[in-house]
Amino acid sequence: MQRIGVFVCHCGSNIAATVDVKKVVELVRYEQGVVYADDYMYMCSEAGQQKVMEAIKEHNLTGLVICSCSPRMHEATFRACAAKAGLNPFMVEIANIREHCSWIHKDMEEATKKAVILARAAIAKVNLNTPLQEGESPVVKRALVIGGGIAGIQTALDIANAGYPVDIVEKEPSIGGRMSQLDKTFPTLDCSSCILTPKMVEVAQHPNIKIYSYSEVEKVGGFVGNFEVDIRKKARSVNEDKCTGCGVCQTKCPLGKTGKIPSEFNRGLGTRSAIYTPFAQAVPNVPVIDRENCTYFKTGKCGVCAKLCPSGCIDYEQQDQIVTEKYGAIVVATGFDIINLDKYDEYAYNTCPDVITSLELERLMNAAGPTGGHLLRMSDGKAPKDIVFIQCVGSRCADDRGKPYCSKVCCMYTAKHAMLIKDHWPEMNVTVFYIDVRTPGKNFDEFYRRAVEQYHVNYIKGQVGKVMPQADGSLIVQGSDLLDGKQIKMKADMVVLAAAVEPNKDARKIASMLTASIDNNDFLTEAHAKLRPVESPTAGIFLSGMSQGPKDIPETVSQAGAAAVKVIGLLAKDKLKTNPCTAKCDMFQCNGCSTCANVCPYGAISYEDTLVRGPGVNETRRIAKVNTALCQGCGACTSACPSGAMDLQGFSNLQIISEVDAICR
Amino acid sequence: MPMNENNEFKPLIVAFCCNWCSYAGADLAGSSRLTYPENVKIIRVPCSGRVNPMFILRAFERGADGVIICGCHPGDCHYSTGNYYARRRMALLFSMLEYMGIENGRTRVEWCSAAEGAKFSKTMNEFCEKIASLGENVRLGDLRCKN
Amino acid sequence: MSHADNRAERICEISGSNPYMCMKCGKCSASCPSYNEMDIKPHQFVSYVLNDDIESLVKSKAAFKCLGCFACIERCPRNVQPGKLVDAARQIVEREKGGDYIQPEEIPALLGEDVPQQLLVSAFRRYRR
Amino acid sequence: MQELKNRLIQLISDGTVARVIGWKKGDMPYNPEPACFSTVEELEDFVYDGFCGANLSKMMIEVANLEGKTAVCLKPCDTYSFNQLIREHRVNRENAYIIGVGCRGKLDIEKARKAGIKGIEAIEGVGIEGEGDVTFKTIYGDKAMAYSELLLDRCHVCKGKDHMVYDEVIGESKDTADSDRFDDVKKIEAMSSAEKFAYFQNELSKCIRCNACRNVCPACSCRKCVFDNTKFDSQQRANVDSFEEKMFHIIRAFHVAGRCTDCGECSRVCPQGIPLHLFNRKFIKDIDDFYGEFQAGKDPEAQSPLTDFTFEDLEPKQAVGRGEN
């Protein structure tokens, strides 16, 4: 017979405003097994925990029910608290009377009734709880970072500098990510590659970092501390070890001069050869052959690169290669792209080459870009005179053309663009149509104000309704000026769209492989929006950069560092405590039918001939055996088992049924 | 039959929510103050694959009027595959209940992620309405049908 | 919207639009071809509904200057679609007249020289149901 | 039958097998009993005729670990059950000598009773060969019925004349199917919800919980079944209002879902004549409809549909209301 203590939390007024806490205490006092019941203003506070610990000792409690917030919030707190008082931590159950009751209900009487029922269910469960012991599993002291942009680079460097080996998997031929495409960075206007390139080089030279470029994660198995990952190294057609990065192949490739292959790095504004590195500072500085466009791969003729390569590293026969590696932790840093603008006809993006996205503008303004850093119109190669920026293209949209969130970086980079243009070419007129200018960040508003005050950029509050290309090659922009109450029609030579950001297309696929949760916008979900912002709810998976939500470079770098710290904290442990809520087989009921092993995602179940001795039995049978180090406690086996021999500790059949009974009483 | 003061039928609804997605979704509904009726009571299970058909039958036998099982979206299961098995198991169970003359709609499976607090609340509101329209569960109390 | 006659609510009901969704970006007014003719601008329609001032709307010139070109409906990023509010205001005017709906044979007599073609087309598009 | 009996005697005499599982004469001419024979003398009582409906594969579980091989007589449909038991590691294929016995359909004495035949003393024409009518010698004189009229319901939806697993086959088999296996299920599916409920209410209210269906079932071969399990509160108790009691039939059907070979033994042995196979067959039909055709026991390597999935499986809400628009 258990001796259960029930503690009901007021959570200030969070619970007490809708649930009559005192009444709950009075009503649960007479439940089976309950020997003590009390309430307190903040159960999770030190004083509240003290109260719990004292009650455990004073009343010899064998079980605890805490009626408070979600177990996802404070279950660990109260388990630790129980352990401190000498009670097995798995004798604690939480009745969630805040998120599942007080916060969503308004009627005090009904909410109180529900709180009592939720408490009863938890009490019924605790009556059947048994003390459980945590197991241990070893930690592979190596981390994987998926994505080699600034987020992945920073995370990898921080982990590597702490002394742990890190692998970066980057699907493009070079690391660097979006940041390598940028020209300057706000709010200080540093040159992007000037601050990024040293980091890329550091990664390349770091003894603890290995880069898998032009590679993708193919399969992920295992669990925290013991992930097993298959990495597909796509065939580069170039021997990475022999290549010296001399660049002869790229300059001599006949397709380079035809200008037929658009350069992805330059957002299609420039062209590249079929054998190429995306940009001059590529890391690794080893080209790849684009087999879809390469003449040799298409016709079997050409082979110029192989003939001219001084180190003989061109290998047309190279195949994709699968590398399997073990990791203790995985960081997702898959970054972002900008949305497709096909659905925004009104801005004429698809019909007029002089309507460009901000990312394209970055390339046009970059000295290494397709125009050598001269801001020229793509249609006629002339310098524009009037430039109009349109904000929130696809951001903050309630319809299915865009995204519901604010992309966060556009206000600042537009101020940056406006300022840079006015700085280089003071004769150009720059107009920005905005809905709101959002500049929360250190020195951010000052930066935006400089654009207006120092550079006289024309900021107009109002959205643009339509961009109309004219026969003379110019554009007419029709927009609102809400403050002046006018509809404006103005001439422009170039229109720049602040297109919404969206997570990388592969984010969902990768999240699925990692069994990490992901939201409707394909951003990875953090374990707690406020308190665990760089961790996925899936243990051992960490989030870095835009894959978690829109953020700028300073934020990305801070988050990357934070993710690294979490990884280091994990890798620093020799053993991890394993969840003791594992499956357990009752040998008297097991038929050895293998059904459970068929559904186990972790291969944790094996079968052994076991001597079964008990009332009326004394024979050797084929019995299921659970490897508790592998078992993650999902319970798939328990509901697949035909005879009900498999049960899950901590969520046993009888415990769940007793909860059902308590609720339906 | 439980009634409220307006003499409306208040169904008893048991919701099995997986710990990783739907329970967290319910928490999000809570912290976003997205309301749904009090008669929904949530039982936390590690995975929708943990839900044994026995639990559902038990709830009905004990007087529940509706049972809903919520799990991670297919493909997003924290344990990779649990919800796929649950999906098959529940499809067969629901079809069998229908075959035995139990009203459609007393049981439901909904995939709800940790980020879908609004969906969780909406689902519960819809489900409560549906069950209220079906009325009290009398058929599935005793399959021997001896009373 | 607790106004006695609940006309604002009726506007929302008729239009199926939720003015609270508006983020005041002004794209509707930016798209409107008859902007200069309107005494109440498309984006202002939203605030008039929010502020329960339907009287001004039904008395406005704007309600009847709207061509029904659907540009604001098409482009509104928040699904508020002010054009539908304008349309609802017109319907309120019609309904409150209490009279019968117009018969098809009466239409030719009502058409003046300066009735824009687009208005006719859009009226058919809208009222064919 | 004599050929079969001779072969069994030979197998025992030359030591190929240590025992034989077959049927022996019962107390009435129409109820031969499953039996285990260890000597040539015991085999004197061996019988195999049209009334040997019992599926003997389940008995092989008990002999799986005994010394020496065990010969077992399996009809074509019984071999499905045996295969399923192989898949579940319940029987030892190495230890079994399977004689596929010929079958031209098995008989249901209830059909004769329903035709008003009483006081049966002897029955002729029920051998495994032949085409003629069945003659009942009764205290009221001879009565004849066509063999096909007497067939068990399950034989009208025969799975075929081929044995799925065997060491040797003795005798000819015949596919006796003359109606669609799912006709009865479809009939119920077409009813309104209230009609369905009334139908099952009527059928299930006859249940006396004798457990015959459960005990005979070769799929529910648990050492300690879910109905003996204290962990669900589903174990049998004297209390007739227990959870287990109320939900017995649905639990039983789910218990064997995906594993049931549709051998029909449950309905054959039900003393109350409840068409229990209608539950199992509904699951089989749904599995076929939802996940592609699957016959448990056809291939002992095949993955059971309940321990398998595809990414595109139908959603539970699509599984119901298919009869409606």
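The chains carry the letters A, B, C and D, assigned in the order they are written, with residues numbered from 1 in each.
To be clear about the criterion, a contact is a pair of C-beta atoms (placed from the backbone, for glycine too) under 8 Å apart; a residue touches a chain by one contact, two chains touch by 3 or more.
All figures in this text were calculated on a predicted structure; none of them were measured in a lab.
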Tell me which chain's centre, taken as the mean of its C-alpha atoms, is farthest from chain C. D
Between B-D and A-D, flag the pair that has more C-beta pairs in contact. B-D
Using mean CA coordinates as chain centres, what's the chain B-chain D distance in Å? 36
Can you give the whole-Å distance between the Cα centres of chain A and chain D? 54
What is the distance in Å between the mean C-alpha positions of chain C and chain D? 73
Hey, how far is the Cα centre of chain A from the one of chain B, in Å? 30
Can you list the chain B residues in contact with two or more other chains? 52-54, 58, 62, 75, 81, 85, 89
Residues of chain D touching 2+ other chains? 226, 232-234, 306-308
Two or more partner chains touched - positions in chain A: 599, 640, 644, 653, 657
What chain pairs are in touch here? A-B, A-C, A-D, B-D
The residues of chain C that touch chain A in their complex are 21, 23-32, 35-36, 41, 43, 71, 74-79
Spell out the part of chain B that touches chain D in their complex, as residue ranges. 52-54, 57-58, 61-62, 74-75, 81, 84-85, 87-104, 107-109, 139, 141-146
Residues of chain A that touch chain B when the two form their complex: 70-73, 96, 98-101, 103-107, 110-111, 113-114, 117-118, 121, 511-512, 515, 517-520, 525, 537-538, 581, 599, 601, 632-636, 638-640, 644, 648, 651, 653, 656-657, 659-661, 663-665
Chain D-facing residues of chain A, complex: 586, 588-595, 598-599, 607, 617, 619-622, 640, 642-645, 647, 652-654, 657
What part of chain B is in contact with chain A in the complex they form? 12, 14, 19-21, 23-24, 26-27, 29-31, 33-36, 38, 41-47, 49-55, 58-59, 62-64, 72, 75-82, 85-86, 89, 113-116, 121
